[in-house]
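Structures given as structure tokens follow.
The following pair of complexes shares a single chain, chain A, combined with chain B in the former and chain C in the latter.
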Partner chain A sequence: MTQPPPIPAANGRDLASSRLLETLNVLGVYILVAGLFAIGCAVSRQFLTPDNLLNALRSVALMGIVAVGVAFITYSRHYVDLSIPGIMALSGTVAVWALQYGIVASLAAGLAAGLVIGIINGLVVGYLRLNPIIWTLAMMSILSGVIRWAYAGRQIYPDAATAAGRAFLDLYHHAVFGVVPLPLVILPIAAAVGHVVMRHTGYGAALKLTGSNYEVARLSGVHVRGVVAGAFAISALASGVAGIFLTSFNKVGAVYIGEGYDFKTITAVVLGGMTLAGGRGNIAGVLGGVMAIALMSNVMSLVRIGDFTIGQFAQNIVQGAVFILVVGVNSFSRRKAGRDDA
Partner chain B sequence: MTFRWTTAMGLIVALATVLGCQDEKKNTQTPADRAAALAESLAVDVSGLKSADNQPLIIMDTSPLKAPPRAADSTKLPEEDPLRWYDMEYAGWDCKKVNLPKSPADGAKGKHVMCLRHMDHPYTTAYTRGMEKVAKAYGIHLKTLTAGNADVNIQSQQIDQVINERPDLAIVFPVDATAVVPMLRKLNKAGIPVIASNLLPVDQGMPFVLTWTGPDDWGQFRMLAREFAEKMNHEGGYCIVRHMPGSSCFFSRTFSVVSELKKIAPKMKCLDMQTTMLQAEKTAEVVSGWITKYGPQLKGIVSADDSGAQIGINEACKNAGREAIVRVAAGNSKVGMDFIKAGSLHAITYQSPEADGALPMKLAAEWFNGKTDLKPVYYLPKHVITAKDVDDYLPAQW
Partner chain C sequence: MRDGGESSAAGKAAAIAYRWRVWLLCAGIFAVMGCMAPNFLTARNFADILKGVATNLPAAIGFTIVLLAGQLDLSVGSAMTLGGMLVMGLAPELGWAGAFAVAVAGGVVLGLANGLLVARAKINSFIVTLGAMIIVYNAMAIYCKGGTITTDSFGLSDWFQRPLVGAAPLGAAGAAQWPAWLTLWLTPRNLVPLALLAGASLLLRRTPVGRGFYLLGGNPQAAWYSGLRVDAYVVGAFVLSASLSAVGGSLVAMSEAAGSLKLGENSLMAIVAAAVIGGTSMEGGKGSVIGTAVALVALTALINGLSCLGAGHEVKLMASGLVLALVILYDACWLHVRQRTKGQRKDLLLELKTRGASS
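And then the complex of A and B:
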């Protein structure tokens, strides 16, 4: 990737206020996390047990990995990649197919498959300037058709009789030091890498400028098309990683692997303070958004007053309502501030 | 203007002539030809066909249909009362058929059948495989359409396509039990014979179909509930992972268990029930919550699915060190049967997708052969698979 030219220095006061706003955004989600934590403690004595908290985190580890990738797209002001479920399914299915060549080849093939789709998405959205929502929606449909066609509508299973098959099936369940599940180790690593790339590289600076104002970035000499393409590639790579883990968990390569991950991850991203208008937010906030979703879901599932419990439908409504609320408040405040918004 | 009109009229006359000729062509068979075709069709024997699991392909429950008396207002009954679900379980058992087309009674060979499936899924792939085997044996031309990802609107458009193509019979695997009613009525009005399959339409749709075939979800799950109660020693709390909302299984695989256990094991208590959209990860999260919330009270889990949902259930039990929780599920996928063999799942129902697809095609062939006394519903046989006989059902069909 070409190094972008130095970005014009912003007014010191503007920069400080922008950073403050961003910090407040991130703080906001952690205040929500703390609030949910307190509610959890009040709702159930079992909430504050290591098993329960581990379960809550485990349930969002893969979503967190995908969210770190999606954050790059949102940061670039291209909203989200709706082909995420298809990329996850494709990566997992290709990985299962490639098990015949060994576990390393399987993982490499799965990741490569996801990355190729990300590059295609990036080229089309970044270079041809097609609407990201429309294009990635179409890509989702194509991927779904391709997977069904390739395997004649069947599911493919890792062969547990082979060493590679067993290694693949154990991948999701592998515990680092015998305690921490592998996806929970991958998540902070992905987040750390994401943070460094977004905050401490030329690409990250170019991405911020592109997301904040595409035209200004372009006129400043930033290779905006490549920057946007890169965001889609990064997102696809993260989706590919999560897709392989999810396939290992499900013990099957199938077209439905990854269903729902598009909405869940964008909810975490915006909840974490990253605006759909681009150029704002950070990975720490996204992690906060992921934790908030984990706790929200966990707390609601623990509520038990006599025979009253909160069912799945209510949980879906709450999650959707939170998304609308966060995006609505964000949009309103930006309009009030006289800024154009998504 | 005159030229245009003349041309248009000419085209209409030409089209009518062509269509008329086609119609005439269809009816050119002499009574002797028809008798020969019928004899040839009647001679076809499909009883030896096998499913991929080496079980017989053509199977049906031959026990007589006997419905209990219906309560005056079943909606007022408690959910634990089986009669509360009367209209769902016995839909169409006692309906008066309307405007049913007459059997051609000239054999199945060369007939065109269209099958409208609800979605692409490994189950429906196996279902179609079973249907194709029977169609091939009878020399029936089969065309299948899929309603996207279980999209009612797409299925509705496909009904129009069926009416345009005018096959000799349509097999409809509904997306939705209620939304399919106007579609069945439309096909009936168009004079196209229909067999509904797998998902039982609500009562109002049943007058328009020759018959319905599919699994007896209510009966199957009562049988599974008895096996579950046995393993639970007829006591303890249990939870239910439900099927997808909108499907008939959402109710049948929940309330058949609840009502049966209420009757045979009153010491068993349903602690919770939730849908997880049959997703492994979501199920693991929900079941982990149950294990935390209900602790040792939770002794058993019933699942509407033995693949994705069961993976989540087993994961949660394993993570919590609660592998003694008794687990039963609707089956019988490869994943579920592997779990049975591994001992992490006690019992599953036997539901052969190939047989599910084969049965409506077999009845279609019989109808082409002149069979008119079709029962309102044909169930697949009920069976519960445990470690004792799981090997008889391997390799899995999907």
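And then the complex of A and C:
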């Protein structure tokens, strides 16, 4: 999967076997994806149409961009950023607001808004060591209040009469080289960057050590507080990108943009073999997890037996059950293998 | 409890203020709102505040117990919705008592599922309860087909809202002695959560079972070594939390004569905020349900005062989160300062400084 890093390992066999285990784990996700694909072909004739597959891929793209960011937080053993929906909504609305200064300013402002929230989260969780779940839950509440307050509960629309507005609305549908939608181009770039940062940089090594054992990392001289803060900033930036795309797709900046993305992405991340215990897993697995989640909802929405269809609510129930099940099986197998005491 | 170097009067005052911070916060909010907000200091408005507190109090008690045991329960809001929905949906067939029993049983089942997954399957409680929150909410959405379940019989809801004293026809002579404001508050809807609070507080403070939760949360390893049935306590905490939430939700639904999906939607934020602001530690083993209740009163008063001042819905949504953020930031700063000065001997530092200046 990946070439071993050029560090001299004390015990090469251990390292190799742990790599092998990880690769198998990732392979498992892709087998699941293939299985879901086969089920999709079996249950519905609409599944294997270009339109439907493109739809599924687009939702993969948005969720994947967010998930690559969330992976950094999970990798650092800080679970998840529950303020992701708020960050996505904020980036989107700020970008729409800044359209009056042109498309470039709009994108920059949207990303900056997301990044600022990420830095605040990082400072508080990383430096002040506050509980990430409680803090980001509070942040989510504040953000949703701020967005509602700033626009007095109204939604704001990009103005299609201006060139910048048209460019913004085109963002999601823009086809690079005439075929590939822009989000689908951004996702591989984000994933590649995420992979390189996580595996081949000093920051990635520090992040892995911090996630595996915070105290050991601190005592070995890793700047743990900064490392954790960085993970939150990266995640917020990724959420900002996805938030802008989602706003462009919905043609409206509103507080509900991004609802549910926190839960969907953390499900994808743990499904992809990145455990909540930190320091394990990789980006390839996370992408597999995203594909599995996206395919699952796609297939479920296509199932039709007579009048019976699986509604949005039932889909959510299945996702919730899968979420608990995956984490349960994961932690069980690791405990059996003696790799985790938790 | 005193650390070296905390001898100055200011340090003492700060320590006392820190210890009683929930009460101070509550008093401060009442003082500020009383001065600024029109119609805040009226009996009717206080009754409104109490009603708001009573809505979330049972679930907040349960959430606090789970936190004390060192776990997290994000499904309390959904459990409230579950209780409210079941009681309204089943009442036509089973009668109020039967429906209430089923609603509480639903809460117990949810708590058992949460607890067993956490204690036996050893899945992180954040994951289990986040999943449970989504599963239960959506199941209820299917159950009520995305809407609201209402009832035409207002007898029970009237009884829940009616003052126990004063308005009672039998005690007409004695009722005159009760002040008007008191009769407004003493409704079954307010009193049941209050009784639950008293019960939970007694359980946690006075009984070995209650102390067990503190022991478990403070140090699970030590609790296990001292022969505490750790798994049973974890499951018990989740069962208490979910069933109390279901009771709270069904009380609300019965007094409003309507069960809606929105019932527990905004409650989670307020409950988490109240428990954490009330001084219950996220690491477990520290805190009290009384602290949670006081913080809940403070939060509800703040939100109520803001709406007296004419603030919109969005400010109210934001208030819980903002106060929670401020309080935990204050806590973190306080801890930071304490850790820096812990064990510091000021007299020696002073000596060093004066020597450095003279040489």
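Throughout what follows, the second predicted complex is superposed on the first by the 316 of 342 C-alpha atoms of A that agree within 3 Å, B and C clash if a C-alpha of one lies under 4 Å from a C-alpha of the other, contacts with A are read in each partner's own complex, and residues count from 1 in each chain.
The rule is short, and it goes like this: contacts are C-beta pairs under 8 Å (C-beta built on N, C-alpha and C of every residue); 3 or more make two chains touch, one makes a residue touch a chain.
This one's a predicted model, so the numbers in the text were calculated from it and none came from an experiment.
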Have a look at chain B and chain C on chain A after the superposition and call it: clash or fit. clash
Counting only touches as set out at the top, which of chain B and chain C does A:Asn298 meet: first, second, both, neither? first
Contact-wise, after the overlay, does A:Arg148 reach chain B, chain C, both or neither (first, second, both, neither)? both
Using the superposition on chain A described above, determine whether A:Lys251 touches chain B (first), chain C (second), both, or neither. first
Under the stated touch criterion, which partner chain does A:Glu215 make contact with: chain B (first), chain C (second), both, or neither? neither
State whether A:Gly311 touches chain B only (first), chain C only (second), both chains, or neither. both
With the two structures laid over each other on chain A, which partner does A:Ser44 touch: chain B (first), chain C (second), both, or neither? first
Tell me which region of chain C runs into chain B after superposition, given the options 43-51, 97-105 or 187-195. 43-51
Which parts of chain A are in contact with chain B and also with chain C? 144, 148, 152-153, 311, 313
Provide the residue numbers of chain B that touch chain A in the complex, in ascending order. 120-122, 124-125, 149, 245, 272, 274-277, 279-281, 284-286, 288-290, 292-293, 295, 307-308, 311, 315-316, 319-320, 334-335, 398
Which bits of chain C are touching chain A when the two form their complex? 72, 117, 121-124, 126-128, 130-135, 137-139, 141-142, 146, 269, 272-273, 276, 282, 312-315, 317-322, 324-325, 328-329, 332-333, 336
Of all residues in chain A, which touch chain C in the complex? 79, 124, 128-131, 133-135, 137-142, 144-146, 148-149, 152-153, 263, 266, 270, 276, 311, 313-314, 316-317, 319-321, 323-324, 327-328, 331-332, 335, 342
Listed in rising order, the residues of chain A that touch chain B in the complex are 44, 46-47, 49, 51-52, 54-56, 58-59, 62, 144, 148, 152-155, 157, 246, 249-252, 254-256, 259-260, 297-298, 301-302, 304, 309, 311-313
